[in-house]
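You will see subunit A twice below: alongside subunit B first, and alongside subunit C after that.
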Partner chain A sequence: MSFLQDNMVYILVATISMSIPLILASLGGIFSARSGIMALGLESMMMTGAFTAVVGTYFSGNAYVGLLAGMGGGALISYLYGILCIRYKVNQVIAGVGLNLLALSATTLLTELIWGNRGSSPQVASIQLNLSFLSKVPVIGKILEGQSILLLITGVFVCVAWFVLFKTVYGLRLRIVGENPKAASTMGLKVKAIKYQGVIICGMLAGLGGAYLSIDHIDLFQRNMTAGRGYIAVVIMILGRYHPFYVVVAALIFGFSDAIQIYLQGQGIPSQLMQTIPYVVTLFVLAFGVKHIRPPAGIGMHEDDH
Partner chain B sequence: MNDIVRMTDISKVYPSSNVRALDHVDFTLKKGEIHSLLGENGAGKSTLMKILYGMNAPYSGEVVIYGEKKIMSKPIHAIELGISMVHQHFMLTPVMTVAENIVIGREPRKGILFDRESAEREIQKMIDTYGFNLSPKAKVEDLSTGEQQRVEILKAMYGGAGIIILDEPTAVLTPQEVNDLFAIMRRLKADGKTIVIITHKLKETINIADRASVLRDGKMIRTDIQVKDTTIEELSRYMVGRDVELGIQRPSLEIGEVAFEVRNLNLVEREHSILKQINLKVHRGEILGIAGIEGNGQSELLEVLTGVRKPTSMELRKNGELLKGDARAFIDQGIGHVPEDRMSQGLVASMSIMENLILGYHKRPQFSKRGLLKDTEIEEFSDQMIEEYRIKAPGSRTPCKMLSGGNQQKVVIARIFSEDPDIIIIAQPTRGVDIGAMEYIHSRMLDLRDEGKAILLLSADLDEVRNLSDRLLVIYEGEIVAEAERNQMNESEIGLYMTGSRSQKSGE
Partner chain C sequence: MESRARIKALLKKLMNRKVMISVLALVMAMVTSGIIIKLSGYSPVEAIMAIFEGAFNGKSAIARTLVQATPLILSGLAFTVAQKAQLINLGVEGQLYLGALATAMVGSMDLGVPGGLHLIFAILVGMLVGGLYAGIVGVMKVRFGSNEVIATIMLNSIAILVANYFVSGPWKAVGSVTGQTEKVLDQVRLARLIPHTQLTLAIAVAIISCLIMKWFFDHTVPGYEIKVVGQNKTAAKVAGIQTGKIVILSMLLSGAIGGLAGGLHVLGVDGRFITGFSPGYGFSGIAVAALGAGSPIGVIVSGLIFGVIRSGSMLLDLKTDIPLTYADVVQALVIIFVATPMLITEMIHKSKRVVSAMNPSSKKGEES
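Take a look at the complex of A and B:
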């Protein structure tokens, strides 16, 4: 009984900590997709965020500076994504996948240039603040006590995102732009500006998710650190119907499959097999789960289309 | 002066194609009038109005609104001056509510919050004033086309527009909805609004407008026509540039034996009876018309009769022989069909005219050999068709999407008619087609009939069905509710059958 309980706690703790970066990235993806740009570049934004967060921490010695640097890095590459998709009207799939490849090779190259090692960076300062003050909360206290402060921040962001999207004038305008850019533009909305904002908010949140992976998780940057989580975040965003609350639920499903994978690796089952679990889950979700989910109608469209 | 809009010497050249869409055009609007802007497709009506709406900059010439010279370069400039436009393709967001669609860009707010309640309250007030049957909370995707149009009109008026431009507003409406729209337009006029209706329908102009202007090939042919002093014939002469025969009836000279017979046709899908017990016969040398409001089973009937959809039960005979198989087999058996929507079913818009002309017939030895297309022969055939069917196009290799609606329809019709089918099933042959092309398509249909073909015509245009058909059926909720010989029933009688208020089956 106690053995099972301990394992359950372990898995739940891991579920939450694996979910945080996914929630942040897909939350960002919502802003991008809702403004009409499918967030296929999420992987590049997470990866860049993970890298710049380590760079920021390495040079400043402060992990919080690193967090901001992570958001900045994500924002920067998302701005690039925005320029491609909005200004030059590049096909969003091509632009997204292209940037993902670019981010992988650029971060590898820069790791080599800065630290002389292409595999990983040295260990940097990490975020010390955790939620241990919640350890006294009954039942869930045990699960929360080891979690990073970013859990709290993520929770706040989820609520703020929902509020902004569905309660404010800004959110209404963003959603109209994503549904029908032409209608929005005839009514005098600044369609391009709103799309850039959506994409950059996306980059900041995904960058923060990446920063969590690097400076909050293992305190260094590794080559291909995000390992496809950006793509999984896209799936989560779709499965979560482009809605902040549902996205949390969807992310927890994937976080759980990740946690199980880590747990089972410690149980003598071949790790290569176990590592496929999250991707197999993704495959099943794509095949069966997302058929009836309608994306914003204006994805890939421009206000001056004919 | 009570000219609230004066456009002088307006010209517009599209730089990409170097086409002069408008050539030194003058146009004025008087306060409180309904002004019909007439012209064939491509005459420049929409171009002119989009300039007034700020959607078509740059242009040359002068626009004076309420006595002040204005430069219209963005729709928002026009909207701020109280000019709104209801586009032919609605600018609505289907997943959002009526209220959200209407207030966008000028939302009532509480701080940064969207003040949904006051938006819905204001819109409810407008809905009550004009007697629209709508709810501000309804999602636009759940509304009918006519209702969506009302949302567009409310959107135009929200914020107090004084001038409303309606671009081909009746193209998408049923006859009943057209009447409703006209009632709304009269109410708006009584309210002091000025309305421009862009149209190519002369009857509508006569019905609703006070004044009319006619554009042809980018030139203003006549402006300041007082509608009460003119006739349809006169207007059509201005519009087409020659006399047109409209609504001329040409009854069949000789009706032969039964060529095509449908018995006991039923279609049940998802426990929903879509077509009920349909029996019909089309004779050689006869046009059988099916009238009805769209959505009463016509699309399904068409698909069943062309082999695209499988019916629950049906006995189909051609010249007495039982017919079976899929769409391919039907084509090979000599049943040609013109689908109701040329863009989604009739053509591959991005492909060239010559490719579209042989679609479905591409395996004929004339066009291909061992799986390879005979390019030269196809092009020759295509050039010949372009000439014969008077398709206005730069050449055989022009993609169909570059053509006007009327010329696209001619491509579809040329493809079917040139194959010399014994039976032709033709749906909405002249939807969105200009008068010149309409006249031509109708006369081709009558010619084929006189050659002894059997033609089944489905159309939502009641005038078209009445003028062409030798015999007429009315369909309502998937059932044939009335049958009449040519001119046996008048328009309002047919209307009663179409709306289900009357049925021959239940003994009137």
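Take a look at the complex of A and C:
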């Protein structure tokens, strides 16, 4: 009995820690999608964030500078995504895929140019602050005590995102732009500026999610370390109906499948087969879970379309 | 005089807008990556020279270039075929992986049939596996309206993991340390075109596949229907085309070509399936298809161009400290620039203005 209990705690701890980057990225994706730009470039923003976080930490020696650098890196690539989708009206899928490939190859190239090693960076400082002060809380204290401080920050961001999107004039404007850019433009809203803001908020959050992977979860950058999480975050965003709270629930499902996968690897089942679990779950959700969910109506549209 | 006019007409036909965009996108990708090289402290000119030397200097260099071009042409073709029906098949990498594994397994079994038959059978099984794997996405798309971009990315990860499981477990070659299958029988190895190189008939198969697909799209009913579905689904439905079937068909075809790319790599280059054999050929195919501007013939040309860049980058890797990944950066930039025709037309306008500002007397010559 206690054996099961121990494992349960272990799995729940892993569930939460694997969910954090997914929540952050899909939360970012909401801002982008709600402003009318489907965030298929999430993978590139996470990857770049993971990389620049390590670069920032490596050169400053401070992991918190690294976190900011991660957000900055994500913002930079999302700005690029914005330029492509908003200014040059590139097909959002192609722009996203192109940037994802660019981020993968550019981070690999830069890893080798900076550190002379293609596979990974050297170890850097990592975020050490955790929620140990919660260890006295009954029942969930055990699950929370080892979690990173970023869990708390993520929770705050989720609430702030909900408030901004649904309780402020700014959020209303952002959603109008995403539903009907033409009408928004007629109303006198600066459609392009709002779209850029949505995309850049998206990049900062996804970059933070990437930074969590590289300088919190572990302490170095590895080639292709996001491993498709950006795409999974897109599915989470859709499954969570483009809503911050539902996205948390959806992300926990995926975090759980990741945790089960990690747990079962230690149980003698071939690790490669276990690693497929999160991808298989995504595939099933994609097939059976999201068909009836309506995306913002203005996705892929421009205010000066005819 | 008449021949000159003919050449002019031919040039005009060749230099249509799509080709212009492709050429300029390639130039811009090279320039941008040159800037990256410059910023990292190397000389872009030296890098370009090294690439050309690595790609063309001598028989074995040219052979290596063509060997590199083979999977690029095929994965570019696979992407193009799906794109004709407005589908984005990012799953070529996974289809290529499973196709290679299937071909390697069939090729290593002694079936007691003559060499030629065995070879064709091995290739066909690889194509079938690749095709069916892509077909899953087609069915998901038609039946559940699933986004094929995400589905194919997930299937890539699954395919690579499952293949790695098989070759490091049940199907692992006896006595081998790394994950790989047994060698295929000698009778199924493809014939070498140049001795002592890896250049085999595979390059011919790749080019012929492109020609077949061109014929398929230009002269057959299903090919035509795929194009109609891609251009206007509603119109296709009104015209009585079963769009669902056509979507699945184009995914099947696309995946089969991806499987062919993997199978040819096994029978032509490695002689077995080796874990991690593909440096992302499937993804490179997106760049090849983008540069090829949706035409199977364009894919041949752009596959060769990327073959040059990839094979040249190998020498670049050896001679300078610029890593092989450089080729991947160029590819990603090409995808982005080809997708951004507005940027290119904007640049053309700007440069025209600059030219005419610098040289006002030349305005007459520009009228054409």
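Everything below uses one rule, namely that the second predicted complex is superposed on the first by the 306 of 306 C-alpha atoms of A that agree within 3 Å, B and C clash if a C-alpha of one lies under 4 Å from a C-alpha of the other, contacts with A are read in each partner's own complex, and residues count from 1 in each chain.
The rule is short, and it goes like this: a residue touches a chain if its C-beta (ideal position, glycine included) is under 8 Å from a C-beta of that chain, and two chains touch if they have at least 3 such contacts.
Everything quoted here is computed from the prediction, not taken from an experiment.
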Next item on the list: Sticking to the clash and touch definitions up top, decide whether subunit B and subunit C on subunit A clash or fit.
Entry: fit
Check: Comparing subunit C with subunit B, which touches more residues belonging to subunit A?
Finding: C
Next item on the list: Examine A:186 and indicate which partner it touches, taking first as subunit B and second as subunit C; both and neither are also allowed.
Entry: first
Margin query: By the touch definition at the top of the document, which applies to A:156: first (subunit B), second (subunit C), both, or neither?
Written below: neither
Margin query: Per the contact definition in the header, classify A:297: touching subunit B only (first), subunit C only (second), both, or neither.
Written below: first
Margin query: Once chain A of both complexes is superposed, is A:108 in touch with subunit B (first), subunit C (second), both, or neither?
Written below: second
Next item on the list: Please indicate which partner A:9 is in contact with in the superposed arrangement: first for subunit B, second for subunit C, both, or neither.
Entry: neither
Note to self: Once chain A of both complexes is superposed, is A:172 in touch with subunit B (first), subunit C (second), both, or neither?
What the structure shows: first
Check: If you take every C-alpha pair with one atom in subunit B and one in subunit C, what is the shortest distance in Å after superposing?
Finding: 5
Next item on the list: For subunit A, give the residues common to its interface with subunit B and its interface with subunit C.
Entry: none
Next item on the list: Would you tell me which residues of subunit A are touching subunit C in their complex?
Entry: 40, 84, 87-91, 93-95, 97-99, 101-102, 104-106, 108-109, 112-113, 116, 118, 227-228, 231-232, 234-235, 270, 272-273, 275-276, 279-280, 282-283, 286-288, 290-291
Check: subunit A touches which residues of subunit B in the complex?
Finding: 55, 74-76, 79, 91-96, 100-101, 104-107, 109, 112-114
Item checked: Residue ranges of subunit A in contact with subunit B within the complex -> 167-173, 175-176, 179-180, 182-189, 294, 297
Margin query: For a test of understanding, state which residues of subunit C touch subunit A in their complex under the given definition.
Written below: 36, 40, 88, 90, 140, 143-147, 149-151, 153-155, 157-158, 161-162, 164-165, 168-169, 283, 286-287, 290, 321, 323, 325-326, 328-329, 331-333, 335-336, 339-340, 342-343
